[in-house]
Amino acid sequence: MKIRYFAWLRERTGTSEETIELPETVKTAGELISWLAARDEGYAFAFEQPETIRIAVNQEHVEEDHVLSGTEEVAFFPPMTGG
Amino acid sequence: MKIRYFAWLRERTGTSEETIELPETVKTAGELISWLAARDEGYAFAFEQPETIRIAVNQEHVEEDHVLSGTEEVAFFPPMTGG
Amino acid sequence: MSNSTTTEFTVRVQAEDFDVLAETEILTKGRKDVGAIVTFTGLCRDEGGTLEALELEHYPGMAEAQISKFAQQAVERWPLTGLTIIHRFGKIPPGDNIVLVIATSSHRRAAFEASDFLMDFLKTQAPFWKKEHLKETSEGTWVEAKAVDDADAARWRNSRH
Amino acid sequence: MSNSTTTEFTVRVQAEDFDVLAETEILTKGRKDVGAIVTFTGLCRDEGGTLEALELEHYPGMAEAQISKFAQQAVERWPLTGLTIIHRFGKIPPGDNIVLVIATSSHRRAAFEASDFLMDFLKTQAPFWKKEHLKETSEGTWVEAKAVDDADAARWRNSRH
């Protein structure tokens, strides 16, 4: 599964994109956040306020309870500030 | 007193502007409409629906009960369609 | 930058066409505090190919005064950095410009609302009258005022601003 | 002219600047059914002289898809004759363009509302993030999302349209 990080999530994780094997215990986007946050200090810092983080699956906005399938691209980013 | 007519009021009266001596009996803009409407057929046609006619005194919108003074410029016109 | 000085505005009533780009540049050139530019351009439509031209009559003097009155209200109501309003008169063929409003501001809502407000009042309160000259008939017809335009203008009376 | 065909729109996400006049002409050239053109241009402000540049990061692919989704909503909701949206990314100095929305229609309210709607959704729903680089400090700061922008976007959910 491809994971992408933008803005300060990219900076804090030190990663713009990576490919991971989804553990069997991780079913939803919210569970993926918890799993990533447990990886190391940078990830913990990036995800320290999960309620502020926006999630996109296959480039569509989803909520934390979105159930992930094995083939998806998941992206994490802060609230958007375009325009 | 200078009187100006615009759009179909100008066409119906056949007059774009004229100078009149205000009769003593005419105190308000509404009374001026009645007095003008009694002049001839063209004026009667122009003012046949006085409620649709807009009035400006010295280039400011006023209502029918506006009291005229001797030195004013009065204009009559249909609802505006600018923009 | 100060609230004590009111933003200046430009109002012109003219027969000639206007240049949207040139007018916009006057409001933005050399300044870097403008975050939003809203331009409204009103054009003459051909009404499905039936219209030969629109004839715009106006009340000289009062037209400029009324537009300036609403421009003044706009710069007092919204934090604009610039405002230009140009309204043409005379015979205008389909596809040609009739009216231009440019509002600039640091913030987008101010620029949107000010230009929207001004167009509503130009439609209903500025002394201009449109006569349609159709291709098929020799005599022109005066365009009637629309109730929807009055309703649009009334929106601004009870606004939170 | 027909309701059965939806108006096409143009969406571009690019590093290069855009030309408001050229983009406007594409929407109006050769047609005489356009009565109203609203253009919104968003520019980089210098924040009282403190800003060196804005850096705009975006999510390639999703940015175009999200903007197109809102453009599609706009052409279904309002009777537009044309719609163009361009959003830049990369490093943008004060005074430079960031975003452009042009909406054309036979009627002014449609053009105003569609462009206003699109800007509200670009602000809150399109995957772009702004980082401010100030003149005095070497490190940039991510711009925080504003509650007022969410409130602006929420206006369109309960609208009469």
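Order of writing sets the labels: A, B, C and D. Residues in every chain begin at 1.
Note that contacts are C-beta pairs under 8 Å (C-beta built on N, C-alpha and C of every residue); 3 or more make two chains touch, one makes a residue touch a chain.
Source: prediction; values computed, not measured.
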- prompt: If you take the chains that touch chain A and keep only those that also touch chain C, what is left?
  reply: D
- line: Expressed in whole Å, how far the mean CA point of chain B lies from that of chain C is 27
- prompt: What whole-number Å value describes the gap between the mean CA coordinates of chain A and chain B?
  reply: 72
- line: Chain-centre distance (mean CA atoms) for chain B and chain D, in whole Å, is 48
Query: Of all residues in chain C, which are in touch with two or more distinct other chains?
result: 42, 108, 119
Task: At least two other chains touched by the same residue of chain A: list those residues.
output: 83
Field: Set of all touching chain pairs, with the criterion as stated earlier
entry: A-D, B-C, C-D
Statement: chain D partner, complex, touching residues on chain C are 1, 20-21, 24, 28, 31-46, 48-49, 94-95, 106, 108-109, 111-112, 115-116, 119, 152
Field: Footprint of chain A on chain D - complex, ascending
entry: 42, 56-59, 61-63, 65-66, 87, 98-99, 119, 122-131, 142-145, 149
Message: Going by the contact rule set out above, which residues of chain B touch chain C in the complex?
response: 4, 6-8, 10, 56, 59-61, 75, 77-83
